[in-house]
Amino acid sequence: MSTDKYEKGLLKLEEISPGAADRTKQSLEDIAPDMVRYLMEFVFGEISSRPGLDMRAREITAVASLAALGTAPNQLKVHIKGALNCGCTREEIVEVLMQVLVYAGFPAALTGLRLAKEVFGELDVSS
Amino acid sequence: MSTDKYEKGLLKLEEISPGAADRTKQSLEDIAPDMVRYLMEFVFGEISSRPGLDMRAREITAVASLAALGTAPNQLKVHIKGALNCGCTREEIVEVLMQVLVYAGFPAALTGLRLAKEVFGELDVSS
Amino acid sequence: MSTDKYEKGLLKLEEISPGAADRTKQSLEDIAPDMVRYLMEFVFGEISSRPGLDMRAREITAVASLAALGTAPNQLKVHIKGALNCGCTREEIVEVLMQVLVYAGFPAALTGLRLAKEVFGELDVSS
Amino acid sequence: MSTDKYEKGLLKLEEISPGAADRTKQSLEDIAPDMVRYLMEFVFGEISSRPGLDMRAREITAVASLAALGTAPNQLKVHIKGALNCGCTREEIVEVLMQVLVYAGFPAALTGLRLAKEVFGELDVSS
Amino acid sequence: MSTDKYEKGLLKLEEISPGAADRTKQSLEDIAPDMVRYLMEFVFGEISSRPGLDMRAREITAVASLAALGTAPNQLKVHIKGALNCGCTREEIVEVLMQVLVYAGFPAALTGLRLAKEVFGELDVSS
Amino acid sequence: MSTDKYEKGLLKLEEISPGAADRTKQSLEDIAPDMVRYLMEFVFGEISSRPGLDMRAREITAVASLAALGTAPNQLKVHIKGALNCGCTREEIVEVLMQVLVYAGFPAALTGLRLAKEVFGELDVSS
């Protein structure tokens, strides 16, 4: 991995979630600084920057995976915002969560919808 | 629920996975015939037929959810085929599974890739 | 699906969890109104209203499933109350959670017991 | 733990799944003989032998937990048979699995139904 | 099970997590007193007291299992403290969580690191 | 990432699981060649090569995580072998799986023990 990947990852994360890079660095720098590097270089600089799938579909993948697993509500909120930033409409995010109910059950979808509602409300307040 | 929903669901499932409706009916009709009805009327006739999200994105949602959960390999294969039938390229499916590794770990992604390879191989043989 | 199923579902949910229908509608009506309809018509009007299994056993199924999965604590509380409303004793609910430890481990059972204790305490205060 | 608990557990397991104790001993005795003891003394001699919940409800708890988790198909089959041996009808087991779809999604329920069908078929052949 | 196992378990839990036995008893004694007994006699008096694996490796197993599952944050914190009490360094715990990202994904590891940071902070304040 | 990391990862994987690199390359090179690179450079060249935790503890982490999740039996077998190659005894692996039963339930531990038995048997035959 390299400085180039790190910079590429920073830009990609800024596209998905403006301001998230700083928050991530602050929360991890004293306990696991290399994790910041892995997130920038590998997750955002490498995986999320791959050609072959548009960012909207990548963020739908993130929302669907995290809603189905149901174990990381804060990260699901980050990617609901990320999906909006990458071109999804609010309606499309609701539909992704509706579709998740088929594979992971109603509680997973209902929790996803509650978190989506929180995200939409936060965006309405801050706009 | 109604006959209309059932017919709508049959058509939708035929679009996602030609022939799957017959196989589903055969496997379930003696043990849980109403499950066939729920799949046609509710899953395919109602949820998958909703406007607001294109079928390609719905099948990406299915592949991401099932790959992240890792508990239903046969259904994941059905939806890998379904994603291809709804306009995804093979490369895009591989990228969805690459993206899943971020949220669900490498084993989930590697199992998904192995199943995708099986699906692609079956399609090559049958074509 | 139909108005009849919706009304049947409302009554069934009222039997399981009095007042829950109104809370569900309020929380979902602005973000996903059709989800309210799916819960009433499909979950409560269709699945939970099926003959062939008494409501006490259906609520034991709900408590066991949700405690084993461990991802939806609020819904587990709803169904612990629901099991009580459908004829389970508090002791029986504790025993269901004891049995869950065999299949899902001690933390799943301990979380279930903590939530059951919250529910029992809320009922004692409100009675 | 004691010899009494072990004998109590053996009898309880024989009630749930005749012949299972011998198969369990054979498969575990060379790699983890104490696990046999834990299963007999703790799982069957202690937990499953507790008063306060009838065996039918305990086996419904087992089927629901294992179907929702989706990671132990062989053990799910053992407890589908166990539920039948403890007084559940085939229809009731199908209904438990139908109810599980609400909390864990359609693939979990469909896999459960496929395994139930295998169990019912094995019982028809051996009877 | 016996008084000896209970006493052995109490001592083992005191070694892993000083004070935890009293808190556990208080939270469970009115709802499920036998669960206290199972934790002392079976979990700590039997399983955690087995020879054949040192306590440091047992606590690494606990941290890895709980971080991978992602459903019991409070118990994960108990075992992060437990791992420190059993000879792990803070750096080693961070590395266990880094390694978990491979098998369970980045969100599982990030949640684990956040909880580890909370534990380390609480220890710094109380020391 | 760089050729150095790739070579470092190859050596690390050879230490954990001799021959696995070739099998991994063969199975992935036509469908997702970059995944081979990520496994060598990131998983084995970066994460598993980090200082701060010995390889024995890293493989215990792998076995515990994979046994608790229960969704990747083949990878669990690879890491049971890996743990042996990194200094664990067979007894220690059995004890890790015994400890996992506390956090993930008996079926997870029993499946882990069955897979360990398969690995031990394969090693006995090939030696």
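Every chain is named by a letter (A, B, C, D, E and F) in the order it is written, and numbering of its residues begins at 1.
Please note the rule applied: a contact is a pair of C-beta atoms (placed from the backbone, for glycine too) under 8 Å apart; a residue touches a chain by one contact, two chains touch by 3 or more.
The structure displayed is predicted, hence computed values, not measured ones.
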| item | value |
| --- | --- |
| Chains in simultaneous contact with chain B and chain C | A, D, E, F |
| Maximum centroid distance from chain E, chain identifier (CA atoms) | B |
| Chain pair with the higher count of C-beta pairs in contact (E-F, A-C) | E-F |
| Far-end chain from chain F, centres as C-alpha averages | C |
| Between chain F and chain C, distance of the C-alpha-averaged centres to the nearest whole Å | 40 |
| Inter-chain centre distance, chain C versus chain E - centres from mean C-alpha coordinates, in Å | 30 |
| Whole-Å gap separating chain D and chain E, where each centre is the average of the chain's CA atoms | 29 |
| Junction residues of chain A - those touching two or more other chains | 34, 38, 43, 50, 66, 69, 71-72, 75, 94, 98, 101-104, 106-108 |
| Chain D-touching residues of chain C, taken from the complex the two chains share | 43, 47-48, 50, 52-53, 57-58, 60-62, 64-69, 72, 75, 91-92, 94-96, 98-104 |
| Chain E to chain C touching residues, read off their complex | 27-28, 30-32, 34-35, 38-39, 43, 66, 69, 71-72, 75 |
| Residues on chain B engaged by chain E in the complex (per definition of touch) | 101-108 |
| Chain C residues touching chain E - in the complex, by the definition given at the top | 69-71, 94, 97-98, 101, 106-111, 113-114, 116-117, 120 |
